[in-house]
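First chain written, first letter: the chains are A, B, C and D, and each begins at residue 1.
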Amino acid sequence: MDILNEMKLEFLSVSQNESFARVVVASFAAQLDPTLEELADIKTAVSEAVTNSIIHGYEDTIGTIRISSKLYKNKIEITIEDYGKGIADIEKARQPLWTSKPELDRSGMGFTIMESFMDSLEISSFPGKGTAIRMTKNFEDKSSKR
Amino acid sequence: MDILNEMKLEFLSVSQNESFARVVVASFAAQLDPTLEELADIKTAVSEAVTNSIIHGYEDTIGTIRISSKLYKNKIEITIEDYGKGIADIEKARQPLWTSKPELDRSGMGFTIMESFMDSLEISSFPGKGTAIRMTKNFEDKSSKR
Amino acid sequence: MKVNFKIQNNIIIVDLNGELDHHMAQLVKQQLNAFLLKKQAKKILFDFKNVTFMDSSGIGMILGRYKELQKINGKVGVVNVTSNIKRIFEMSGLFNIIEFFTDKSEAIEKL
Amino acid sequence: MKVNFKIQNNIIIVDLNGELDHHMAQLVKQQLNAFLLKKQAKKILFDFKNVTFMDSSGIGMILGRYKELQKINGKVGVVNVTSNIKRIFEMSGLFNIIEFFTDKSEAIEKL
């Protein structure tokens, strides 16, 4: 499928950038004219992945988070990467309510929310190297509506 | 001065990304709690520089535009780069009302606006290599207000 | 996000405003814990009327308060949750352990 | 940005909506030129009431229409320009060659 547009964003793993990341991806996605609900889903999924990089990937250090996104006809692809701690057991991490940091008020629902709000979710992670989350979402086809 | 936050953005030189670039920089700058007028100034300056990269830097081709921005206490620094045509005579290009593309309805006011809306403007350009615009703006110090 | 606290009927009413993400959840938690220490209340009601965004960090923050109050036999309630945020509450099973209300005065009376 | 055209008193009234940058200026120019060809009017009034942003591409677009209409002895006017956008008009000297109005009905009468 043809790529209609493409962007890359890089920022520091500080918590005030969580809302910044949401705004950036949402305003990029807006070029595909999504519904308000589709936009809210994307914002939530981005927020989960970026927060994970800040809290779990870099823990108490400050590192770089990279987001890249591609727009296709009625579809967005979003990749969120950190170069932090990595995930040793991805299977376990994906389980609802499982968290490695209950003491920090984590609910363990991040991956479950990403999965259910987006149409696909791939996790690649190497302990000590970092984590990359690749998500896609298909938008309702407006051209077929009357 | 200490850097409070930092980001980098990369996107294609298509005209629908002009408003995207404005939103990204404005929402990053918002972390310094600028006035509405300060925000409007930044949006305008970013819009001028990005438009120039699209129209003059890459002309009819599609290339990559990079924006990087740093936040300091009461100050933002923004750099906008393209890897396009470059500017042969920077002195001339800075003059109000001078444009190389009057046939495209350019007004020649881009650099003049960037200069007067921002507190500093540096242009580095090499013909055939590309152009980088570095701008800074100081924000009103809110801590001194009552 | 702005947070306002109010005490009514021995309940700390937390009026949330804006986007409840991890950044804001941390601030709310800090302020709320300081307030709890001073006021010695055992019930918290989170008013979501003006919340425009929430992710799982919001869930974690509320669950965290629930766990703390459980130790002293307290209670946590939530009111005015709108559709998108409701889905997140549902997915995480919070509806099963925390009291949900649709009306604020009813919440203040019954929590 | 949305653009609406209307003819009143032989003037094409261009109702601009949103952000007038290079992307939008191109669309406005195209649509306006097509409309001009059909309608044969000699006067254009740009209504800025609902414009929330403009950069020098807006200046260029208006100047371009001014130059074209000059050839056929036509006129260009602008109404409802707010503060931030006004500064850009001032800086580029547009106030000296184009008619500015603060009131739309006055503009339609006098242009």
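Assume a contact is a pair of C-beta atoms (placed from the backbone, for glycine too) under 8 Å apart; a residue touches a chain by one contact, two chains touch by 3 or more.
From a predicted model like this one, the values you see are computed outputs, not experimental measurements.
A.B. asks: Everything stays put except that chain A is ignored; which chain groups still touch one another?
C.D. replies: Contact components excluding chain A, positions unchanged: B, D | C.
A.B. asks: Once you find the CA centre of chain A and the CA centre of chain C, what distance in Å lies between them?
C.D. replies: Computed value for the inter-centroid distance: 26 Å.
A.B. asks: Would you mind pulling out the distance in Å between where the CA atoms of chain C average out and where those of chain D do?
C.D. replies: For chain C versus chain D, the centre distance works out to 52 Å.
A.B. asks: Can you compute the centre-to-centre distance for chain A and chain D, using the mean CA position of each chain? Integer Å is fine.
C.D. replies: Result: the chain centres lie 43 Å from each other.
A.B. asks: Using Cα averages as centroids, what's the distance between chain A and chain B in whole Å?
C.D. replies: Taking the mean C-alpha position of each chain, the two centres sit 28 Å apart.
A.B. asks: Would you please write down the residue numbers of chain B that are in contact with two or more other chains?
C.D. replies: As it turns out, chain B has residues touching two or more other chains at 16.
A.B. asks: Quick one: which residues in chain D touch 2 or more of the other chains?
C.D. replies: Counting only residues that touch two or more other chains, chain D contributes none.
A.B. asks: Any two chains that touch count here, so list every such pair.
C.D. replies: According to the stated criterion, the contacting chain pairs are A-B, A-C, B-D.
A.B. asks: If we count contacts the way the header does, which residues on chain D are in touch with chain B in the complex?
C.D. replies: Within the complex, chain D contacts chain B at residues 19, 21-23, 25-26, 29, 53, 55-57, 59-61, 63-64, 84, 88, 91-93.
A.B. asks: Using the touch definition from the top, list the residues of chain B that touch chain A in their complex.
C.D. replies: 5-12, 14, 16-17, 20, 23-24, 27-28, 31
A.B. asks: Over in the complex, which chain A residues touch chain C? Could you list them?
C.D. replies: For this pair, the touching residues of chain A are 15-16, 18-19, 22, 37, 40, 43-44, 47-48, 51, 54-55, 96-97, 104-110, 112-113, 116.
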